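Please find the structures below.
You will see two complexes here that share chain A, one where it goes with chain B and one where it goes with chain C.
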Partner chain A sequence: MTDTAAVGGRQRVTRSRRSAAWGALVGVVVVAILFSLPYLVYANVTGVLVNLFILVSLATMWNLLAGYAGLISVGQQAYIGVGAYAVFVLAGDGISPFLAIPLAALISALVGLPASFLLLRLRREYFAIATWVVAEAFQLVVVRSNSLGAGAGAPLPGMVGLDPALRQAFTYWAALAVAVAALLGTYLLLRSRLGLDLTAVRDNEVGARSVGVRVVRAKRIVYLVAAAGAGAAGAVLVISQLFVQPTAVFTVQWSAYMIFVALIGGLGSIEGPIVGTVIFFLLQQTLADRGAWYLIVLGAVAVLMAMWVPRGLWGLISDRFGIRLFPVGYWLHGMNPPATGPGPKTESPQA
Partner chain B sequence: MSSGPLLELASVTKRFGSIVVADSLSLILRGGDAVGIVGPNGAGKTSLFALISGDLSPNSGEVRFEGRPVTRLDPAARCRLGIARTYQVPRSFEHMTVFENVLVAAHRGAGLRGGEATDLAASVLEETHLHEEANWPASRLSLLQRKRLELARALGTGPRLLLLDEVAAGLTEPEVAGLVQVVEGIRARGIGVIWVEHVVRALVGLVDRLICLAGGRFIGDGEPLAVLATPAVKEVFLGTSYGEGNSS
Partner chain C sequence: MVWVNAIVQGILLGGLYALFACGLSLMFGVMRVVNLAHGDFAVLATYLALAIITGLDVPVLWSALVVAPLFGMVGYLVQRFIIQRSLDVSPVTTLLVTFGLSIVIQNGLLEGLSANSQSLPSGSLASASFQVNSQLSIGYESVIVFAVAVVVLVCLQLFLSRARLGREVRAAADDQEAATIVGVNVRHVYGVTAAIAFATVALAGVAFGMYSSFNPAAGPQRLIFAFEAVVIGGVGSLWGTLAGGIILGLAQVLGSQVDTSFGVLAGHLVFLIVLALRPNGLIPARLS
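Our next item is the complex of A and B:
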């Protein structure tokens, strides 16, 4: 990807105001450390991180849908389920569950294609409700299928004979790979021309259409990418649990988690879902043995954040310090920075 | 470019229930023409624009652009062919920078990528006097700057026909004069312009053809001052202003 371009022989366009090289360096170091963790810590730690990576992947995809394409879905669990059952079926055919993860993502996107023709005709709340209906429909199909274990579920084949320590390490690496792929994929997508289209569609759909953006096509691509991402996360989920059950994968609770994480972390930024997931896990770890208080605190945090910090924690951080780990915007050099306020691309109160 | 017409409307009719906003309108426009459209409120000016840009599709009749029927194409497709419009109420992408606002247009409307797209966006910003604000979020712009951004974005699509919907509304006289100057530059580049405006004075200096619309019909079409002097046009304008005067 070319980062700079001469403009009229005088101006220069880059993808962020300052160099983003250190951001990339931080990313590589963090991933390298996370990669080596199975050699350094006990399996219970990596076990928690597997769930964290699953949620980061899911929230990243939900953020792509809602924060960039303006598609509020409460039915992404449909593809968690499709991904989970895809791994189950493929493993039954003798394919290693780990190798089945990318296939599960692909199958989820394929299943999402006909659904997208139905759903993208709808707007806002109608879209949201319909996504949930699709998820419920998928669950009903699974419950009625004896070969898929029906309502009771079934153990995941292809995992016996694997040393537990090795299995846990593989599961951890698979979860890490899916999370990194989700983040990197989102980053590359948003940096592309399509990313700019999406932001335009989110900000003003009529305006986007009037400058030539194929609005429905852009939304469909995002919907399918999000389906693939949720499918991959669902695949990792069933591998980590060794058992597939319709009520566990198709529950709307997943959407509640994705929304919570994306909201407290900050919608419309790649970093937000990471921050949100970490907060969510900290809350979960500290409140796990407090019963109902756990849900009460979670709900209170969500309400307070929505009221006082609408752009989420990452929004707060990036406004204050002007940090952007994943620069996706454009910066025209030789021009004035904004006259007032901290930096470019901050929302003004009247917006 | 071929000598054929740039834009052609053939008996275009649009009804909303019993209300006819476009009553069998026919119109031929050649490349480089600058046409002004005036008319009282509710005359169907914005509907006429929407029919050309694709925001509305007609009940009957055909719209042709450069000889090609575009009646069934959506606004995005018409834009990619070369029809660009501005909106009366600016539809900026608030959370994107001014530069990015125009860059989307250069990518999709003009079909450019990489350096070609950024070149076009930068030069359009200069033309519309927005280059100083290139890196500002659009949410920080004033009304005048937003109107300029509408214009810049439309130009960023590389249009051959530009539809301006009340770009001068709400601006002060010197601001209007500055805008007229920009539009003159656009016209000089050979881009066809159709300009709907309440501020008739802004139009008369610039356009070489004025169309008066009332009740979904053309009631005057020709040299601006001559059109304004015809009895039918006078009656519509004076009639409305008398009516307004009496009721207030």
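Our next item is the complex of A and C:
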């Protein structure tokens, strides 16, 4: 956390600031508290949190695609479905569903590999709708397969003997683990060389290519990581619901959730999807007895945010207070403060 | 004879898809915008037509005469106030914003109306058909829809190639800045383009309502079909869109001849194959 370098005389470049060190500490404490929750609260609380963790994982992966690699996908539900059905099949072979989660993530990435060769050749709009068509095609294939329960779905095997309290606690920890892995994985990915490549691609694709960034390779890695993340989330989803059904896992509603959460929280920051997910759940709980109204409100807010506040709530917060909990950029100290606001704000990848 | 019947039905279904896709093709060709709420606006138009038909007790075709101009106005406003603003932020934003609109419209319909499937009461038209021979009959409805699609495409083509405003649309599509320099009000022209696109969406919505039942969640699937027709045919080419619609219709009807649940999947597969082999579509062209 102290990788600093001198630039010129009075200027200094640092990766982290004190807020990030505090952020790491708070992060560890929060995860520790979340980890101990099954001992402290009732299952209905942890049940809500399972859904929250699934959504954080999904939105984080979607944000990695859209906010960093510039890939707008409306079809990540394809890999939610692959992950869910991978757990279903593996559990049928006698593997514990919980142990099947990492395998489901791996299988999702493997399924994503051939798809990526078709999809990554496509331009923006084509990519968006082609991902959606791929998801639809996956669903139609599953519906035609009787061994996967066809259109009606099937209960998840391998969960019968488990004590309900224990099962709920395991499900909760699995969901927490997937969310933490998604956030931490994204953070490490963006701090690596690939993160720099992606930032360059996001800012200017042609320019990035001309200085030797292997653009398609960078995008492919992100696409596969996002597929694995969505697969893991789908695996947790089917474990928490104990039932797998094509319309539930392959619905485009998942894309709506991910996109709204990422837009409201803030595209292109790791913190954004967390903020967005919390707002999503507050809104959903507030409007719980009003049917689909939370989605209407959420969609309208997301549309307005996209049009007028493109960097979302976290963008507003971090601009105002200069906070980064997950520092993936660099701070340049000692410059004359920019005319637009107080304090050092120059930060290359996140600006 | 079963296959001949399937081919005829597939071609006629293709007319519906072409009618539905030409608005998408037009907006994509001119503004490089894919309106992800395209299908949901069509469903909205269908519900509006249903309200007019049952409320005023008029035939289906009359409702189209009200819904289409109304949607033209809606399209102009949506373009000027929502899509243009998104375009100014970034091209990616148009995808996100129209996707958001799609979800809002869908769930708004779900909340305001029931989730049950409904259909437009098309009266005597619904059952009437040409009886070619004992095994082959062609419904009037689908022939009318196909004819409307061809007429709309011809009118669009004439408008773009002959009318002054059509020339301005082409100019704005080719080079926005150059068009501005020679005095074209590009934002207004974009608005007009969206108005035309939305009017055709409304017509397609009414046609869809005659063809099959609909519910608030029917939009996304229709958008996918429209986009597939546009891409198979080739972006920016109106006749390509007709060809694409027909190919998609044929794939779906022939696919469901093989196995009822294979129809839609066959359409998707044809789309993905075209995308893999000919990403510019079968008849790539500019709007000219």
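Just so we're on the same page, the second predicted complex is superposed on the first by the 309 of 351 C-alpha atoms of A that agree within 3 Å, B and C clash if a C-alpha of one lies under 4 Å from a C-alpha of the other, contacts with A are read in each partner's own complex, and residues count from 1 in each chain.
Quick note on the criterion: a residue touches a chain if its C-beta (ideal position, glycine included) is under 8 Å from a C-beta of that chain, and two chains touch if they have at least 3 such contacts.
What you see is a predicted model; the values in this text were computed from it and never measured.
Of the two partner chains, neither chain B nor chain C is touched by A:A24.
Look at A:W293: by the touch rule set out above, it reaches chain C but stays clear of chain B. Contacts of A:A165 after superposition: neither chain B nor chain C is touched. When the shared chain is aligned, chain C comes close enough to touch A:A302, but chain B does not. Contact with neither chain B nor chain C is seen for A:L282 once the two complexes are overlaid on the shared chain.
Residue contacts after overlaying the shared chain place A:A152 against neither chain B nor chain C. In the superposition on chain A, A:G207 makes contact with chain B only, not with chain C. Overlap of the chain B and chain C interfaces on chain A: none, as no residue is touched by both. On the chain B side of its complex with chain A, the touching residues are 53, 55, 74-76, 79-80, 84-85, 87, 91-97, 99-101, 103-105, 107-111, 113-115, 118-119, 122-123, 131-137, 139-140, 153-154, 156-157.
Residue ranges on chain C touching chain A, taken from their complex, read 28, 32, 34, 36, 82, 85-86, 89-93, 95-97, 99-101, 103-104, 107-108, 110-111, 220-221, 223-224, 227-228, 231, 259, 261-262, 264-265, 268-269, 271-272, 275-276, 279.
The touching residues of chain A, counted against chain B in their complex, run 2, 5-8, 11, 13, 17, 193, 196-197, 199-200, 202-204, 206-215, 268, 329-332, 335-341, 344-348, 350-351. In the complex of the two chains, the chain A residues touching chain C come out as 66, 70, 72, 74, 118, 121-122, 124-126, 128-130, 132-134, 136-137, 140-141, 143-144, 252-253, 255-256, 259-260, 263, 291-293, 295-296, 299-300, 302-303, 306-307, 310.
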